[in-house]
Amino acid sequence: MLTAAIIAILVTMALALVRAFLGPTEYDRMLAANSFGTKTVLLIALGGHALSWHSYLDVALLYAMVNFVGTIAVMRFFENRRQDGKEGAGGAS
Amino acid sequence: MLIAIAAIRMRDLFGVVILFGVYSLLTAVLFMDLDAVDVAFTEAAVGAGVTTVLLLSSLRLTRRWEAPPRHNPFFSLLVVGVTGAALVYATLDAPLLGDPSAPVHKHVAPHYLQEAAGEVGMPNIVTAVLASYRGYDTFGETLVVFTAGLAVLLLLGFSENGKSRIETSAIHDQVALKVVVKLLIPLILLYALYVQFHGDFGAGGGFQAGVIFATGFILYDMVFGVENARAVMAVAWLPRLAALGVLIYGGVGVYSMLSGKPFLDYSALSADPVQGQHLGVLLVELGVGITVFSIVLSIFYALSGRRRQS
Amino acid sequence: MTLVLEWTSAIFLLAGSFLCITGGVGLLRMPDFFSRVHAAGVTETLAAPLLLCGLMLQMEWSLDLVKVLMILLFVLATNPTATQAMAKATLIGGQKPLVTESESTKGDSPSNS
Amino acid sequence: MNEIPGLFNYWVVVFLMMAGFYVVISQGNLVKKLVGLGLFQASVFILYITMGNLSGGQAPIVTEGVFIYSNPLPHVLILTAIVVGVATTAVGLALIVRIHEAYGSVEEDEIHALDMADDDTRLQEGAEREESSE
Amino acid sequence: MSLLDHLPILVVIIPLMSAPLCVLVDRSGAAWGVALAAAWLSFGAAIALALTVATSGTLTYQLGGWPPPWGIEYRIDTLASYVLLIVTAMAALVMLFAKQSVPREIPEQSIARFYACLMLAFAGLAGIVATGDAFNVFVFLEISSLASYALISMGRDRRALNAAFQYLVMGTIGATFILIGIGFLYMMTGTLNMLDLAARLPEVSDTRTVRAGFAFLTVGIGLKLAMFPLHLWLPNAYAYAPSAVTAFLAATATKVAVYVMLRFMLDVFGADFSLGDMPLNLILMALGLVGIIMASLVAVFQDDVKRMFAYSSVAQIGYMLLGIGLASATGVGAAILHIFNHALMKGALFLALGAVAYRIGAVTLGDFAGLGKRMPWTMAAIAIGGLSLIGVPPTAGFVSKWYLVLGTLEQGLWPIAVLILIGSLLALVYVWRLIEAAYFGAVAADAPEVREAPASMLVPIWILVAANIYFGINTDISVGAAMQAATMLMGNGG
């Protein structure tokens, strides 16, 4: 049953990756990356258990944290971009 | 692989950075699979975390879109092709993956695996080798970090008043975010301490702990604004703190030298050699942790405190 | 007892997997950013605890269990927050939710080349 | 994934390495160059870790009941190398920020053009000075 | 263990530990004091070390008390002590020079950090020379490179930034190549200790992996030492860095890279493998020659004097590579000798240029007009350094070129000897352009009043100039040590 769950996570990761490639706006990429990160946490937690890796949970916890911090860092990136809107015309419609 | 190709093709640097972070995550998973827990841990904290944050911070200061390529890529492709061919050529005689008869597993490593637990007295052999057998390399590594911090400070310096940053951000004044972050930060710092002192038994150690600790502060800075963060941790003290970390590490070495043992011989620290090793590794990891924490944080401040100039 | 545990765990895992994939498909197929946030955020927030609960039910009682619990709490705390913050940031950043028919959201995106 | 036979892992590494290397030498954008450098280095890390792997091995943390461990030495080396890599990236980023402040651009070609313009003006100044001295 | 036993590590540790101290005191004067003391102490340790090695042979030092293939080992043989002596001596002199020069070029609040970086660069170079562990070379290489990127970027011209970035990219590629090379070696032998590597390599030396590892190491080190087609980063980096930095790096950084090359090629792989089985001797010879001619030609057309001498450095590296490529004890000896002599002359030249820049503010050829009368001591130093660069008899430059020509003639390669002479002639041309401007050029009417450089600058410059002449006349010490080191290197491998 773990295997099934892992496969499901892998499929979702692939879907998220496709979204990250396609864009079209940077917000989509951010979302996809965030979702991808969460899935990685789950993957390590489940996969680590299945393959009995050593201290995989530490890594998973770290990932969960890094993912959150990374997402916030990305969001902070937007703030300035909006003010000098000339260059980052990507998202503003 | 796909990510790498996509990262090359994409001209939106922002996308490149995000994909690079994702790529780091995948690399770390691969490291886990190849039994390199410590490396995966570090790669996750550094590659996916710190590097992404730093790249984004500096992207904020520079331009986001890349100009279309103008060069004929033929020459580069040729160089790359030759190098690649050399690499493939090299792998033809290389031992297979996981082959137990490969020279790497025959010569030096078995000694570590058999003796480290007895000589250094800690189950995590990576930490034992890192901090004791090749402790001097790690001292060098700490100095590399220290040098990098110095270099960044020389180049950028801290902006003198934190007010220079315009505080109308997309995540400014988000109440839910602030509350959650406020709750999380103590947890993160606690976790960093756990990683710092658990390095003897599992994945972790001074470097990773320093990064995580700094991440906590970076998070605080990003959500609550630069003035508040700097009130907690005065900027001027960061380089000194880093120097202190290096001095702790070096001091352990000098102490062992003064007591008649070679540089960084931790057995000089206590009457019982194994006890001394333990104490030495602990102190050394502490030094690494302090240095890394203060350098990572000061690099972040230096990059993020700067105002964009056009 | 073990049988019950196994079955519960299996149910949790299956439900989690299902949600996970649903979220992924939603992330890919939804027409604009806000619906994608919705798809990804909502499913993820439920899928992660489900999967982790399923995992916890399979484990023995040890320090690791506590760690999984911590991951669970962490994900539970950060995920909705991040999703909400993202949506808000996007709204501030100038994206408009797609209310009626799609006209302009895709045209002006010079990002991927 | 451990069953991937023989050398395949190396070849993936080689491919990644070359991708990173290509970015470094062919791209004109300085930020992207740094990302390429990171890619290049990360793939070298994988190379080291690959050679340290031992089939059926466990992570090199002494646990009861486990007798085969992977080689810890490459792990140690790569820990150091990762740190070196991120240090380099940080310094490179700081340089880029300064370059952007000084030139207003992070494209190699544009910077080069600006430099050439600088040289020209400097030569002219020098020539004028020489003329005035004669 | 007495203090004497700790000498190998002291040379490296003193400057290393002084760097955090510089940051802690954070005052320009005090930081200078700390750095100066550290440099001179380290120099003293290097002298003591050289004497010990000369009497009692190769020294080893086990870091952390772990025996070598498991721990890291420091190994000081004749060659290492010789190069250490050069590096520490240059650092000590540059620190004297820096007192006046640095406050002029660096903003006040970063001076302490600047000295810390300088000390780190210095310690990194010393660490590379002293170590006997392949991976440790990489770590210390990175310390010194990172520090030098920062140092170069401190130049006042905005192009210093770009130069530093170019150097960073090239240097990191080089370091990564070295890392790949070391990885392949480790893969095939399972060890990182150089001595152990040398012992275990012959078994596997015909595998393709080792050959590729060899190639990667060569290219990587070639990037670091600015071997001819890979030299693009060097002229800009040297031209725009602050003058104290240029003097220090020009006199030491590439020399240490040459040392690393010698160490790996001849010690680890063995002369038979690298110069016999692999066609490295031909490649090095060809690249060395092309480098000499091309770089000298470019140097002739430079207007910026710093840049001119930077290109001349590329050419001089060509001489060293040529010497190694000759694959004989005389050739390698000449190369080692040239490391020493080139450090002397380039140190003197760049320090003198720094003094000129200190007084005038720029160093284009036009600025030199009439300087012979206005800064007589400085210009005399430049003139003698230039003569040494050309290789005129009573100077040190002559000695190393003489041995180089001797080495080529030994093997009957007289066309190469002719090319060396052509290279010297080109050097004559560019040095002459400078001297002509300085002594025969008319002073511009509106030129500002210029005084002689301050004494604290002249002293280190003239110490180096005196050394140039001394080692040109009394060749026993330098030649003896170089030849001994060369025989050892060739003997070990063959």
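So that you can tell them apart, the chains are marked A, B, C, D and E in the order they are listed, and the count of residues begins at 1 in each.
By definition in this document, contacts are C-beta pairs under 8 Å (C-beta built on N, C-alpha and C of every residue); 3 or more make two chains touch, one makes a residue touch a chain.
Predicted model only: the values in this text are computed from it and were never measured.
Listed here as common contacts of chain D and chain E: B. The greater number of contacting C-beta pairs, out of the two interfaces B-E and B-D, is seen for B-D. The greatest centre-to-centre distance from chain D, using averaged C-alpha positions, is reached by C.
Central chain by Cα centroid: D, whose mean Cα position is closest to the mean of all protein Cα atoms.
When chain centres are set by their Cα atoms, the one at the greatest distance from chain A is E.
In this assembly, the C-alpha centroid of chain B lies 31 Å from the C-alpha centroid of chain E.
One finds 15 Å separating the Cα centroids of chain B and chain D. Averaged C-alpha coordinates give centres for chain B and chain C that are 29 Å from one another.
Chain geometry summary: the mean Cα position of chain A and that of chain C are 10 Å apart.
Chain D has residues 21, 51, 58-59, 61, 63, 73-74, 77, 80, 84, 87-88, 91, 95-96, 98 in contact with two or more other chains. Each of the following residues of chain A touches two or more other chains: 21, 23, 26, 29-30, 53-55, 58, 61, 65, 67-68, 72, 75, 78, 81-82, 90. Across the assembly, chain B contributes residues 12, 15, 33, 35, 37, 57, 59, 63, 87, 91-92, 94-95, 102, 104-105, 108-109, 112, 134, 137, 140-141, 144, 147-148, 151, 155, 170-171, 177, 184, 202-203, 310 that each touch 2 or more other chains. Residues of chain D that touch chain B in their complex: 1-2, 4-12, 14-23, 25-29, 31-32, 34-36, 38-39, 42, 45-46, 49-63, 68-80, 82-84, 86-91, 93-98, 100-101, 104-107, 109-110. Chain D meets chain E in the complex at residues 21, 24, 30, 33, 37, 40-41, 44, 47-48, 51, 73-74, 77, 80-81, 84, 87-88, 91-92, 95-96, 98-99, 102-103, 111, 115, 118, 122-123, 126, 129-130, 132-134.
By the touch criterion stated above, chain C contacts chain A in their complex at residues 9-10, 13-14, 16-18, 20-21, 23-25, 27-28, 33, 36-37, 40, 44, 47-48, 51-52, 54-55, 58-59, 64, 67-68, 70-71, 74-75, 78-79, 81-83, 85-86, 89-90, 92-96, 104-106, 108-112. Residue ranges on chain E touching chain B, taken from their complex, read 1, 6, 9, 13, 16-17, 19-21, 23-24, 26, 61-66, 69-72, 109-110, 113-114, 116-117, 120, 123, 127, 133, 135-136, 139-140, 142-143, 146-147, 149-150, 153-154, 180, 184, 186-192, 200, 204, 207-209, 211-213, 215-216. Those residues of chain E that touch chain D in the complex are listed here as 135, 138-139, 142, 146, 149-150, 153, 158-159, 161-162, 164-165, 168-169, 172-173, 175-176, 179-180, 183, 186-187, 192, 303, 364, 366, 369, 442-447.
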